[in-house]
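A, B, C and D are the chain letters, set down in written order, and residue numbers restart from 1 in every chain.
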Amino acid sequence: MNSECFGLAERLVDRTYVQQAHQAKQSLTNQIRTLLEHRKWPEEGWDEATVELVLRELALMDSNNFPGNCGVGEREARVASGLVDRRHFRLGHGIGRSGDISAIQPKAAGSSLLNRLANIFALDVIKLAGVRAAAACVLVPMATGMGIVLCLLTLRHQRPQAKYVLWPRIDQKSCFKAIKTAGFEAVVIENRLEGDELRTDLAAVEDKLQELGAENVLCVYSTTSCFAPRVPDRLEELAELCKKYDVPHVINNAYGVQSSKCMHLIQQACRVGRVDAFIQSTDKNFMVPVGGSIIAGPDERFIAEVSKMYPGRASASPSIDLFITLMSLGRSGYKKLLAERKEMFQYLSAELSRVAEEKGERLLKTPHNPISMAMSLSGSAAGHVGKDVTQLGAMLFTRCVSGTRVVAPGSDKDIAGHTFKNFGAHHDNYPCAYLTAAAAVGMTKTDVDLFIKRLGKVLGKAKSRSDEREAGCATADE
Amino acid sequence: MNSECFGLAERLVDRTYVQQAHQAKQSLTNQIRTLLEHRKWPEEGWDEATVELVLRELALMDSNNFPGNCGVGEREARVASGLVDRRHFRLGHGIGRSGDISAIQPKAAGSSLLNRLANIFALDVIKLAGVRAAAACVLVPMATGMGIVLCLLTLRHQRPQAKYVLWPRIDQKSCFKAIKTAGFEAVVIENRLEGDELRTDLAAVEDKLQELGAENVLCVYSTTSCFAPRVPDRLEELAELCKKYDVPHVINNAYGVQSSKCMHLIQQACRVGRVDAFIQSTDKNFMVPVGGSIIAGPDERFIAEVSKMYPGRASASPSIDLFITLMSLGRSGYKKLLAERKEMFQYLSAELSRVAEEKGERLLKTPHNPISMAMSLSGSAAGHVGKDVTQLGAMLFTRCVSGTRVVAPGSDKDIAGHTFKNFGAHHDNYPCAYLTAAAAVGMTKTDVDLFIKRLGKVLGKAKSRSDEREAGCATADE
Amino acid sequence: MNSECFGLAERLVDRTYVQQAHQAKQSLTNQIRTLLEHRKWPEEGWDEATVELVLRELALMDSNNFPGNCGVGEREARVASGLVDRRHFRLGHGIGRSGDISAIQPKAAGSSLLNRLANIFALDVIKLAGVRAAAACVLVPMATGMGIVLCLLTLRHQRPQAKYVLWPRIDQKSCFKAIKTAGFEAVVIENRLEGDELRTDLAAVEDKLQELGAENVLCVYSTTSCFAPRVPDRLEELAELCKKYDVPHVINNAYGVQSSKCMHLIQQACRVGRVDAFIQSTDKNFMVPVGGSIIAGPDERFIAEVSKMYPGRASASPSIDLFITLMSLGRSGYKKLLAERKEMFQYLSAELSRVAEEKGERLLKTPHNPISMAMSLSGSAAGHVGKDVTQLGAMLFTRCVSGTRVVAPGSDKDIAGHTFKNFGAHHDNYPCAYLTAAAAVGMTKTDVDLFIKRLGKVLGKAKSRSDEREAGCATADE
Amino acid sequence: MNSECFGLAERLVDRTYVQQAHQAKQSLTNQIRTLLEHRKWPEEGWDEATVELVLRELALMDSNNFPGNCGVGEREARVASGLVDRRHFRLGHGIGRSGDISAIQPKAAGSSLLNRLANIFALDVIKLAGVRAAAACVLVPMATGMGIVLCLLTLRHQRPQAKYVLWPRIDQKSCFKAIKTAGFEAVVIENRLEGDELRTDLAAVEDKLQELGAENVLCVYSTTSCFAPRVPDRLEELAELCKKYDVPHVINNAYGVQSSKCMHLIQQACRVGRVDAFIQSTDKNFMVPVGGSIIAGPDERFIAEVSKMYPGRASASPSIDLFITLMSLGRSGYKKLLAERKEMFQYLSAELSRVAEEKGERLLKTPHNPISMAMSLSGSAAGHVGKDVTQLGAMLFTRCVSGTRVVAPGSDKDIAGHTFKNFGAHHDNYPCAYLTAAAAVGMTKTDVDLFIKRLGKVLGKAKSRSDEREAGCATADE
C-alpha cells in the first residue's frame, strides 16, 4: 500500500487512524530503506513478522511472481506444490547463473538481492566474530566438506601440476574425503602429543614441503574446530610456512565462528602469513539446518574465483535460512549467543570435571580447545562399563544424549585408500580412552544438566548391566 | 494418538463418533504402512494435509525433536529462528554422513527415511518417464552443473591419467564450465548443420577418440535437452562409440525427463552402448525450486561411487521438495503433467508458426527437438525491430515474457580459456538469427496466448520504436 | 518497499531487473488501490499470495504491529502464542467497538478496514446472488441461530409489548430455540401437505395474526432453505401479510444464498411486501468454517440498529475468512461454484431417482426445494433394512456418508417447553418415512457417485445384517 | 505411524535408530494419552510443534478430513480457500449443535474433543486463578458483552416477570448496552466517592431492591476489573444482599482473571452469598485475539442452562486459540505471566508516581484497584497541555502510546436512552481530571519505560505546542 492507498482507506476508516497506520508503515519502509542504503547486518534483530514481510517483498521482485508474467523458457520457477512454494516464500529461481554462484539473475531480482544481502551479512558476521582481515566471502549451498572441495578445485587452476595436499591429521572422514574427491593425494601429518593435547607437528609439515617440493603441493589444509584432545592447528606458524614456501593455505573452520579463539587464530594467520580461504558451516555456527557453508578469505580475487567455479544455479535455501536468522538475531542477538556459549563451555567443563572425579576419572587438560572437551575413560569408568567402554556412547544415545563420542584404542580404518591407525583418536597411540562433549552455540543449561545426570547414572549403574531395560528419553531421568 | 488414546477420548466424546474417527485414522495409517511396505511412488497423489502429516511424523523421528533429548555435540540441529525451523518442518539434520550422501544418520532417522523414499521415488519417476534401464539414482542437493562435476570427479578415480572430456558443443556456459571446474580439458566437438537442425558430428567424436587415445579421455559428455535449432545428441551412436572404445559416457539430461523422446534416447543408449550416468535437474522436470539434481545410471555400483564422493552432509531441502511434490502428484498426476506439456508443445508450435508467417518469418524445422523451438529472425522481423534483433529479447522481457532467447550472429565469447564463435548459436556459422521458446512442463495455454500476443505486438510495432514507453506486465496486453 | 528502496536496490542488483520488479510491484499496488477506490468485490479472484499480502498490509495498520508501540491499556492485542498470532495474521483486535459491531477501532485501522471490506463484499454477493433489494448488511461472528436472536432482540426495542413470534414449522432445533433464547413465545404454524411437499399455511398465519393481535406479534419468522419434503416458505405472500398487518418479517435464509430460487423469493418478498431482515450462514453459502452469518435487509436503518445491538467487540475470524474467500474466488469464481451446484443438484436428483426405483422406492416430488431432496423409505427399503429404517442413517454414516437424514414417524420431541409431534418431519403426520440428501455448494461428482454406490449397497445388503463388519471409509467401496 | 510402520521403516533405515525414534514417538503418544486420561491443564507447557501435532490429530477425527468421506448434507465443512483451511487446521465444523454450544457433533469428533478440553482447561485456569468455588464454565465465541447478554437471557426464563437489572455504574458503553440488548431496564446505582476511590453504594442497592421489589429485579450486575479511580465492586456484600433477597447475581469480570484480588473477591462472594455467573474475556486474560469469553459459576446447572441457550453451532476459533495458548503456557507458564504482571503493576505505579510528582501532579490513591491506576491532571499538567487536557490522550496516541484514557469533567453522554453525567468518570462529579493506565498481563518493562518517557515529554513540551510535528512511533523517542 502506498500513499494513495492510504488516502483511499480514509474513506472507509477514520482519517486519524489511517494516518497513524501510514506513519507506522513509513517507519517500516524506512527500516528497509536503511538496510538497503547501508547494506549492513543490523545491530538489533528484526521481529519475525517484519523479516517475513521483507521476504515477501523480495519474492515480488522475481518474475515468477509478476502479475501477468508469461514464461516460455525451460526454467520459469513454476512450482507444482503449494506446500513447496510457500515454504520457499515463492522464491523458486535459486541463486547464481551461468557459472557464477554470485551472479545476478535477470528473472530473479529478488532472489539475487536476498543472496547479495546474505553474503554481505555473512562477511559482517565473520568480521564481528574476529577475522577483521576477511575481505570477501561467498555463501555456498553446500556443507563444509564440499565447500573445501570447491576451494581445492579452484586452486588446481592456479597450480595445475600440484598433486599433494598437506593435512595435519583430524579424524573426521569427510575432511579427509574432500581431498580425495577433489582428486588430490592427501599427505597426512601426524599430530604431536603435548601433555594431553594433540597439536600440529610444524616440523613435519616443513619437512614434507621440502621433501615433496613446494610447487607440487596444492595447499596446506589445516583445521581449527575439532574434537578434544586434538586442538586447533598452529595456524599462525602454518600461515608463515605457507608464505615462506609460497604454498596456498586452506583452513577448515567448520564450527569455529562461534569461538573467538578460533577466529583469533585465523585473524593472526591472515596478518602474519598466508591464508587463501577458510570455510565454515552455516548450520554449526548459525543454528540453521544443514546445507550451507561460507568460504571466506583475505583476498577478494580468490573468493571471486571460487564463486566462479560453481557451474550454474544453486539452491537458495541456505541463503534464505541465513538471511532470516541473521536478520532475526541482529548483531546484538548473535553476540549474546556467543557469550552464552562461552558460559556454557565453562559450566560444562566444571560439571564434567566434577563427575569425572567422582568416578575416578579426570577431564583431560586441553586448554587450546575452546569448544570440545574430553573426559578420560582409562581406569574405573572402563571397569564400570564392562570391558568395552565404547558401549558407553550407545548407552548414552539410548538415553537421548546425542553428540558424545567415545574413543578407545584399537579401531583402524581404511578411508579412500589410506589406513588410519586408531581412527577417531587423531593419533596412532593416544594414551587413554575418553569421551568427548562439546559446548556448541545454542547449548542450554538444561542440556548440560541432563547430560551430566545421565552420564552419572550410566557410569554408576554399569556394574549391573543385566538389569537394563531403559525406554526412551522421557523416562531417562526417572 | 493410538488405540488407547481413542479409548480415552470416548470418555469425552460419544463412542460411536470416536470409533469412526479411529477407523479414519487407521485407514490413514494403513496408507503410510503401505507406502513403507511397498516403497513405491504412489499411483494417486496424496492430499497436502496428509503429506504434511507424514513430514511431521518423519520429523518426530529426528533426535532434535525427541522429547527430553539433550545434545552435547557440535551439530545438534538446533535452529535459532522459528520461521526457519517451521519452513523445514523441523528437519534440521540434512542428509548424508561422513562422506556418503546416501548414508543414514544416527541422529536423524526421519530425515534419512525421507531421503531414502525421495531417492526411491526418483528412480521410479525416471523409469516411468522412459529409462527402464536405470538401475539406481542419487538425488543430490546441487543443480545439474555441479552434479556433472561430481560425476567427472568420480570418473577421475577410475581413470586417473585421463585429461580430456569430449563434448559436442552446446552453448550453455555452465555445461562447459562443469568440465573446467572438475579440472579437465574440454574437447569441443562442433555440431553439424543438417537442414535447420544442429546435430552431433559422430565422425568428429570418433576421430578425436583415436587422435587423443581413448585411455586419455575421461568421458564423452553428451546432451539431450537443449535450445533449438540444436537437437538432442545422437545418444545411441555415441553410446556405441563409448562401448567400442571403452570410454565412460555422461549425459546431461537437464530438462529431458519431461520429454519421452529424450528419455527414449537414453534408454536406447543404455541398451545398445555405454552410459555411466545421466543427470537431470529437479526444478526443470518436477516443478520444484532450483537446487537439486538426480544422477542416475544403469549400473548401481557407479551411482554408489558417486554418492560416496560427496564429502559430508548436505541440504535436505531438495529431497523434501521432491518428496512433497512426487507424493502430491502421484504417478497419475505426473503423467497428466507430461501429457499436458506435449499438448502445449503442439499448440506453441502451431501458434508460433502462425505468427512467424504473418511477419514473413518461419518456424525452423527441428523435428528432433521435443521441447524447444525457434523462429527465424532473418528477414522482415529484423527490419521491423531495427538493425539489432537482439533487442527483441529485451523488449519481450520488459513486457513480462520470460524465457525467450534471441540469437544473432556475431557475439564471440571467451569462457574459461576457450573462445566460442557466435556463442549462443551452438555453431560457428548458423545461417540466420532466431528467437527460441520452449514448451516446458507446467506451461499453460495462457502462457502461450500471452506470449504470442505480445510477440505479435513487439514485432508489429517495431517500426515506431521511438514512441515506446511500456510499463510492466499488467499493462502489457492493453 | 517504495521507490527509494527500489532505487537503492539498483546498487546491489542490475538496474534493468530492479526496474522491472518495481513495475511489477506498482502493478500490484495498483490492484490494491483499485480495490480501495472502487470498494467492490473483484470480478476475477486474486491469487493466494496476493490475498495474504493484503492481509499483512492490513495487519501493519493495527497498533499492536506498529514498530515502537507501547501499550498501557487493558486490551492491547498482545498474543502469547506465536502459533495463534500467525493464524490470525497478527490481527488481534477483533472487530467492533463500544456497542457497535461495525464501528471503527482507533487501535486497529487495519482490522477495521478489513471488516468494512468484508461487509461491502458481503452485500455485493447478496445482490449478485439475486436480492438486488438488499440495501445493507452486517457480517456478525455468530452462526445463523444467534444472528436471528440478535434480530429478534433488536425488534423488541421497536415493539416492546410484543410477545409472539409466528413461525411456520421447520424441524430444526436451533431455529426454534432462537425464539426462546430471545425471550419470546413461539407460535408454531403447522405446514400444509400439498402433494409430497410441505408448504406454508398462509391462512393459518393470517388467522393467528388476527387472533393474537398484530401489535402483540414481534414478527413473522419464515424460512427458505430447508430439508425436503418441506419447501421454502411462501415468502411473497407472507411479506404481503406482514405489510398488511404492519408486522416485522425476519427470514431464515441459512443456506439459501447458493440457490437462485431462494434468493429470488426474498427479492420478490422485498419488492411486494415487508422484509426486515434475512439471515444467512457464511459457512454454508461460502465454504468457510462455521462461525459467521450475514444479516441483510432492504432498509439500511434496521440493519444499522442490529449492528448497534451487539455490545462490544467481537471475533474478526469470520470476517477474515469471508474476506479471503471472496477475494480468492472473485465474482466469476463464485458464479462458477453456483453453476456447478445447480448441475450437481440435477445429477444427484437423477441418480437418487434411479437408485430409488431399483429398490422399489421413489424420489419424492418436491419441485419447490432447490437444494434438498428426499427418497421414500416406505415400502421395500424398510423391508430391506429390517424393522427400523432409522438405522439406515447410521449405516451410511459408518460408511462415511455424512449428511443424510432418515426421518420416520414416531419420534415426538419436547423442545424448550413445546412438544413437536414426529419431530424431524416438519409435520405431525407425514405419510411415509424417507431419507434426505442435499446438493450444497462445493459438492463434487465424486461425492454423488460415492453416495449412490454406498446407498445402493446398504439397501441391497440389508437382509443379511448379521454378516456386517465394515471398517471405515477407505474400505467402504471395496 | 504405528508399530508396524516403524517396523517397516527398519528396512530402509538402521534398526537401532528407528527403534529410538519409535520410543520417542511413544513418549509423545504417552503425553497425549496422559492428557486424555487425566483431562487436566498440564503443569508444564507443551512446545509449539507438539501442540500443532495434537491439532492435526484432532482434525483427522472430523469427517471432512476422513479419507474417502462423501458429504451429501447442507453443512459438510467444505472450505473453498486453502489459506482459510490451513489457518483453522482444517477444523471447519465449529462447535456446538442444535441449540447447545457444548454438545458433541457427530460429524466432528475432533472439534468436539478440542472444545471439551478447552472448557476443561478454562475451568482449571479459573480455579488456579483463585475461584475454587467455580463448579462449571462454558467458553463461548462471543466477547464479554455478548456473554453477559446470554446470561441475562437465560435468567429471563427463570424470572419471566423481572424487568430491572441493578447495575453499579461503570462507564463502559458495552457493559451498559448489554442490559438494553437483552431487553431489560438498567437501574444505575451511582458510586460513592471514598477518598480518591469510587466504590459500590451498598445502601443504594438495597434501597432499590426494596423499592422495585426483588421479584421484579432480574439480577444485580456487578463489576470487578475497571478503570481507576473506580475500584472493583464490593462483591462479598453484594452477594450477601442477593442471597438475602433471592436475586440472581451476575459479575462482569472482564479482565479480572489476571488479578488474584479480583478472583479472591469472586471466591468470597461465592462462599458467603449468591453468585450465578461471572464472565471473563479470553483476549484480555489469556492473550488471544478478541472473540471469546468464559462464563463460569458455582452452580453447574445454571452454566448448563446458559450453554443450552445458544441456538446452533458457533465458531471454534476462540476455543482453538485458548486451547493452543493454555497448552503452550501450561500452569507454570501462566503463573509466571501473572507474577510478572504483578511486578509490572508495582513498577508502573512507582514510575507513574514519580513522573506525576515531577509535573506537580499525583497518583490517585486507589489501593482497591489491582490493575488500573490514575494520575491527576488537575493542576499543572493541565496548564502544560493548554486549556484542554483531553488532548493529552491524542498526543500520546500519536506517539504510539495506546491504552491511556484521559477523563475530564464535562462530557455527558446519552446511551440507549439513559443520560450519563460526566460519562467516563463513573461519577457525576469526580473532583479532578485524570489519566489512566493499566498493568495488564503481557505488559513488559519496555512498555512501561516507553510510556513514562513519552508521557514525560508530552507533559514537558506542552507549553510549546506550536512547534509540534511528530511523525510516528519510531521517531517518538528521539
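By our rule, a residue touches a chain if its C-beta (ideal position, glycine included) is under 8 Å from a C-beta of that chain, and two chains touch if they have at least 3 such contacts.
Nothing here was measured: the structure is a model prediction, and the numbers come from that model.
Trainee: What's the minimum number of touch steps needed to get from chain B to chain C?
Mentor: Contact-graph shortest path, chain B to chain C, evaluates to 1.
Trainee: What chain is the most remote from chain A, judged by the mean position of CA atoms in each chain?
Mentor: C
Trainee: In angstrom, rounded to a whole number, how far apart do the mean CA points of chain C and chain D lie?
Mentor: One centre to the other, that is 29 Å.
Trainee: Give, as an integer number of Å, the spacing between the C-alpha centres of chain D and chain B.
Mentor: Computed from C-alpha means, the inter-chain centre distance equals 55 Å.
Trainee: Averaging over Cα atoms per chain, report the distance between chain A and chain D in Å.
Mentor: 47
Trainee: Please output the residue numbers of chain C that touch at least 2 other chains, ranges allowed.
Mentor: In chain C, the residues touching two or more other chains are 16, 20, 24, 27, 31, 48, 52, 63, 66-69, 82, 106, 397, 400, 472-474.
Trainee: Would you pull the chain C residues touching chain B in the complex into a rising list?
Mentor: Those in contact with chain B are residues 16, 20, 23-24, 26-27, 30-31, 82, 394, 397-398, 400, 471-475.
Trainee: Which of the residues in chain D end up touching chain C in this complex?
Mentor: Its residues touching chain C are 48, 51-52, 63, 66-84, 87-89, 91-95, 98-99, 106-107, 141-146, 148-149, 153, 156-157, 172-175, 177-178, 180-183, 225, 227, 254-255, 283-284, 286-292, 309-318, 321, 324-325, 328-329, 337, 348, 371-372, 397, 400-405, 415, 437-443, 446-448, 450-451, 454, 472-474, 476-477.
Trainee: Which chain D residues qualify as touching chain B in the complex?
Mentor: Contact set of chain D toward chain B: 1-2, 4-5, 8-9, 11-14, 16-18, 20-21, 24-25, 27-29, 31-33, 36-37, 39, 48-50, 52-53, 56-57, 59-63, 65-69, 82, 90, 104-106, 109-110, 112-113, 116-117.
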